[in-house]
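What follows is subunit A paired twice: with subunit B in the first complex and subunit C in the second.
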Partner chain A sequence: MTLWRQIKNAFFTALCSSSVLFLAVALMLFLFPMLWKGSKAVFFRKTVEFDKMQKELFKRGKAEDLERRTAQTNQARREALDLLEHFSRGIDTALLSREARSAYQQLGRHLRYLEVADEEYARLREQAKEIRDAFLQALDTVDKAEAESLLDTVDAQRSNSRFQNSPFEIVFSLSKQYRQILQEIDLSRRSEYAAELDIVKTEMRKLFGPLPGESVPPLPQDRFGATRWDVAQKHLHYLIYQTKWVPSGKDDKRLIPKQIRRDDPDEGIFGKTELAPLFSMVEQNLAAMLQPRPTIYWRYFLDDSTAGHYFGGAGPEVLGTLLLTVLSMCFAVPLGVLSAAYLVEYAADGITTRVIRTCINTLAGVPSIVYGLFGLAFFVLMVGKPCILSASMTLALLVLPVIIRASEEAIRAVPQSYKEASLALGAGKFRTFLTVTLPAAGPGILTGIILSLSRAAGETAPILFAGAVALGPIPNIGLHLKWLFQPTRALSYGCYDITVGDRLAMQVPHNQFGMVMTLILLVLVLNLAAIFLRWRMSRKLQGI
Partner chain B sequence: MSAYQFRNLSTVLIGFSLLVCWAGAADKVLQIDGSTTVGPLGDAFAEVFKELHPDVSITVKKTGSGDGAAALIDGRCDIAMMSRFMKDKEFQQAIEKGVYPVAHVIAMDGVCIVVHPSNPISELRMDQVRDIYMGKITNWKELGGPDMPIVPVSRDTSSGTYESFHSMVMNNEKMAPNVEYVNSNPQAHARIRSTPGAIGYVGIGFLDRYVKPLKINGVTPTRSTIAKGIYPVSRPLFLFTNGYPKLGSIVHAFCTFYLTEKGQEIIEAKGFVPLTEY
Partner chain C sequence: MTTAVSQSDEAVRFPRPLRLTFRDDLRSTLLSWFVKSFLFVVTFCSVAAVLLIFVFVIRQAAPFFTESGVSPRERITEFLTSRRWFPEHQAHPEYGILAIIAGSFYVTVTSLLIAVPTGLLAAVFLSDIASFRTRQVCKPLIEILAAIPSVAYGVFAVMVVAPWLQKHLGFSTGTNALNASIILSIMAMPTIISVAEDALTAVGREIREASYGLGATRAETLLRVVIPAAHSGILAAVILGMMRAVGETMVVWMASGNATQIPSPWWDLSQSVRTMTATIAGELGEVPQGTIHFHSLFAIGLVLLIFTFCLNLLSEHFILQMKKSKR
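Coming up: the complex of A and B.
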């Protein structure tokens, strides 16, 4: 019999410890990859483009140092960029056609300025239009002979004295230029080249920022090249390799991917063109072109971000979450502790208190979105608009049941003898509660607070309608209390926003997970602070 | 100073500061709410707009087209972003509450029907897509592809993208129970990217090397076919305001921002199609 009991005991111990182990492993499996991916938002290898971005967007870094490095990298990039520009002039005829069009428009203005007679004006415009159209057709066609004959009709008008020394003259020089290009490229493959060249240009822009001669893009996300070395590596791969989906050969009709180098002499699209050296040039000199250096971007936790969280950090979100959490605790803790005290110390154990207790227990299990809708219908209407105040009151309501229950347990656990001693010394009921029961129940109450802190910091649904925004002004904390009536960004809503909205999220996974990591760290820090407080409190209680 | 006096003083101070904040709350504020599809545009507009009008504080919220409409009707926002037109019911509610919704079309978007790149199918007719989502076609074999079950992926029913697909492709017919629902464009993209048999629909901005757009009725979704409205599942993206905004007001400036060159460039950079050539 004893053996049987021992076996049962051992089995139970094994079961308990294995479930704890299982939990720990699950937590690690879930938490570690998240934190690892998130840590890349802070620890990574930055490039010179990162410093440019910091300088321009956040006004950081030494100007001379950056100028020197920019000059060095520009030097390294020049050859590749020149090659690209030269090659694309023949393929991308958009520039030539634009110039021809504008020359025609300017001719009209020029003739008006010379006050040419109406009839003459109409005739010249008609003539110029014919020439322009012939040139545009020559750009469009893929037949070399046709293009050359069209260019001949253009050149036939070269000697027309009315076009000489006019803005239209440029069309003839464009025609000469295009004639030269015609000798170099294979027109029949132009559209194929154009599509691929578009990809190459996009990847070059992703690596090195706007190409020379391009205007500054309106959004900061397009103003800089690859700011991180890992991102640069990814775009280098996209630049060099194209993925072709080819039949697998077997009976199955599925296609399989095949990686082909763009400069492969046989299969690569640019293999036999002038552009071929570009790829190995970039591949070999990427480090010189970008100058990667390891860095710790600790300002991630403080910086504002650009649209779609492309650059920058999670500063406003951290501030917003802190404000919401702390403020909701300010509402929930006094209310919760007082109601717990009432339930334990004052209320008689009748049907009413039992109903109240059941209600509180039920409230603890109500889905958070219900609180969110209640917050929208009640607090938002009460305050007047969605803002920090209404959001934190909604959160306070959400955590109230947890705090009440924990406090109730803690207050009930205070030995009756403590209270009796206090009462015997002549203290009133209220004084006894304030000076004896509450301090003794402190650690237990703090446990409830710890549990609810993480919940308040992490919930999205309650603040979704009550005061969280994807983009908004950063709360300017001060005595004026104006910030209470502003909506705010928050980490939990930020995580949601970055995942559902923008296609950018796919390009900046480090920022996406960075925000998740920040949320976990913030909750951890808040919890540690509360745990430290509890430890201090219980030490004091024990009289150490 | 006695404790009593101190308490009095602090009460007065708090009361005063509360008064101040009520008075100060009426700064120039622009509240924007609505579609997750139009949201990135709202974000980007707001970011550039802030530089042009530094005295305005803009808030952007993305909770879906339906909620955007509700927020405009309730007066919770100044501008509602929507990826579909307002429904009759919403119009009615608005009029009843004295709100007169005015639509501003700011860009075009194509709802591109996409499959995994390993799928040899490159063209479908509208009725074939409908049959797939109604559960009448369940294997790619029936369409001339490999022997592989079709996994139809749809957006959740509250999104404007779903509404567009539902009315333009499905002719408002019910989808089959085996259709998977996902919450957002990125999720749809991720699901199709990782599933060889999947078919789904995403905005044109989400086309990349990992998903393959299908020709629908012989039309490839490109910027030009979408801008011209030739691609059969093109849709305009809207901003809705309460009445036409007062000329010269901040709402007016924001609603006409898409007409500026910068606005058009942002639309392009965010993966949508501008309405005009700039």
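Coming up: the complex of A and C.
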């Protein structure tokens, strides 16, 4: 019987301990992935494209150093890019036909320049048009024999002296090129090639930026290749491997995805083509093409970001959060501390005090989204539009009960003898509070303020409608105080938006988690400071 | 000896007359009265804030109930008993929040089912089992758990928990009632632990020692004596945890899937639900001000406000009871 009771007792103890352990594990399970994934926004291997981006968007870095590295990487990339361009001429016949058409037009201009007689001019134009059309037809057809016979008609005119040394000569060299391509590729699969080639080109753009000869894209994220080594690895994988859906077994009809190399000689689509060396070339020389280097991008916490947080950091969000929290403290701290002073020093235990206490408790229990509603219905109405001022006033109301409770506790903890000594010296009640009690309670109140700072920094729901925006100008802080009346970005709202609202941000998980990490770090630092402060106070009280 | 004499000399030359004149007396009385009333006014701001919150939420919710063409009674009946929430419908908008209330109920109750036992056991550990040193480590841990912003938990729920649930438990969607409940339980736990621990500590040494003296083990003492004695404080802890879970916005908005439905079968937590807070947060940003839909969201806010206010009064009642029994 006793043994049974002891077993029960031990089991209970174990259960209690394990529940605390469970909490610790939960905290670790939360903190570790979030901070780890977020840290990649700061610690990573940058490529030469990163330096190009920093130079162009943020005006940072040494120009000559960057030029040297750009030249080196361009050297390393040239072969692969040339190969790609050459091959795509065969598949992407639009390019060839465009060149043929322009050659035909230029021929007209050329003949006019030479002042050829009108009849001669018409005849040559007619001839050239026939050649061009034969060539274009050869590009269009999927029948290899037909294409070759068409090219023969084109080549028959090669010896025509009137076309030699004229812009139209290009057409013959194009035809020669195309004849060569015809030997390599299967024309019936041309559309298939074209689709795959499009993917290859897209991935090459993602790796190395715009291909040679392309105009500068309007969006910043398309202007640079892979700025990070991990992103480059990802795109390398997409470049090399294609997904094929194959039956999972002989009898089983279900399809399962299978990764095959695009340059696989048997299965890969480009296996037997001229393009095949590209893949291993890029795979082996990627480091030379991008020059990865480890870096600590500490400016992540200060930099502005491009649209969709594709490049750059969380600077405006950090600034906005600091503005909102500090401003809300400006409202909440005097109110809170004075309220606490009244409740401790002056309030009698009457019905009024009980009502006040109930109201403070109610204020602490009001759901944060209701604060959001109230902020919209009252502060925004009062100020005129959602802005920093209305948002910080809403936050101030939210943290008011926290500050009151913390200050009350701190003021109560001041030994009665301190106050009595002051009163005995003839100081009034309020003077005693200001000069004796408040300084003695200072660290405790400060702890409360730090904790409510962290609470205000993390709250999202109250500022959803009261002044937080996902995109907006950085507040221009100054004495003119106009910045008070403009909305701001904030870390907490940014975290929400970047996770749920922003499609572009999904492509850059490191920046997405980086923002969350910044918020968590801010809150952690504030809390650790509060914990440290309290620890020192307790040591002081123990007299160590 | 000489120093003492000189000190008494200083005392004699004390600059202020010991007997106050009438003017001094009046001045100091007026000053202290002024300070006291000033502090009272400052403190009254909290009361004013609560009143203002009620007034303004009610004011914005009122047009929803008094819309012309619909009797307030019908409106309220529809509001509270219909499951159909189609506020954006052009011809026949419907404003039934039963499914939304049910959603709030689902995530709250499920999270409490996890958080209350665990939190209570953890509180017992902190108050009766852990050594001073262990407590020094555990307390900050729980504080940090409480301090992590809800939006960060929300991101965690969407980016880490949801894919995990989908992959390992085979749910069709990772953002569902279960996901939201798990995260909410973690968020409600610190509140429950700290209030429950206070309640357990408040029971006092004598009762514990009496129980030990009768030969009871620690488990028996706690389960049969201490916890029953602290029941009102523990109830307050549960209620405060519940308030936290009901009022939480970002996590449920991001993690609960936001489908206006009552899961069927009723126990299927792998389905998406939609809570009151998420409805407000999700829709208020997009509706034009002054429309009935806009006011209906304030009506939901009012329901939420009244609910938490009642819970708050209840928890205060229990805490008061705890303090009384302590005396």
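The definition used in the following text is that the second predicted complex is superposed on the first by the 399 of 544 C-alpha atoms of A that agree within 3 Å, B and C clash if a C-alpha of one lies under 4 Å from a C-alpha of the other, contacts with A are read in each partner's own complex, and residues count from 1 in each chain.
Simple rule for what comes next: a residue touches a chain if its C-beta (ideal position, glycine included) is under 8 Å from a C-beta of that chain, and two chains touch if they have at least 3 such contacts.
Since the structure is predicted, the reported quantities are computational estimates derived from the model, not experimental observations.
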item	value
Which of subunit B and subunit C A:Thr243 touches, first, second, both or neither	first
First, second, both or neither for A:Lys8, with subunit B first and subunit C second	second
Which of subunit B and subunit C A:Gly372 touches, first, second, both or neither	second
Touched partner set for A:Val516, first subunit B, second subunit C, both or neither	second
Touched partner set for A:Lys482, first subunit B, second subunit C, both or neither	first
Greater residue coverage of subunit A in the superposed arrangement, subunit B or subunit C	C
Which superposed partner A:Gly472 touches (first subunit B, second subunit C, both, neither)	first
Touched partner set for A:Ile256, first subunit B, second subunit C, both or neither	first
Touching partner for A:Leu27 - first (subunit B), second (subunit C), both, neither	second
Contacts of A:Val525 with subunit B and subunit C, given as first, second, both or neither	neither
Set intersection of subunit A contacts, subunit C complex versus subunit B complex	464-465, 499-500
Complex contact set, residues of subunit A against subunit B	217-222, 238, 243, 245, 247, 252-257, 306-308, 380, 385-386, 464-465, 468-473, 479-482, 484-487, 497, 499-506
Subunit C contact footprint on subunit A (complex, rising order)	5-6, 8-9, 11-13, 15-20, 22-24, 26-27, 30, 33-34, 334-335, 338-339, 341-343, 346-347, 355-356, 358-363, 365-374, 376-378, 397, 400-401, 404, 426, 428-430, 451, 454-455, 457-461, 464-465, 492-493, 495-496, 499-500, 512-513, 516, 519-520, 523-524, 526-528, 531
For the subunit C and subunit A complex, residues of the former touching the latter	16, 28, 31-32, 35-36, 39-40, 42-47, 49-50, 52-53, 56-57, 59-60, 117-119, 121-122, 124-126, 129-130, 138, 140-145, 147-156, 158-160, 186, 189, 217-220, 222-223, 240, 243, 246-250, 254, 277, 280-281, 284-285, 297-298, 301, 304-305, 308-309, 311-313, 315-316
Subunit A-touching residues of subunit B, taken from the complex the two chains share	17-18, 20-22, 24-25, 36, 39-40, 42-44, 46-48, 57-63, 76, 117-120, 145-148, 183-187, 189, 196, 203, 205-206, 208-209, 262, 265-266, 269-271
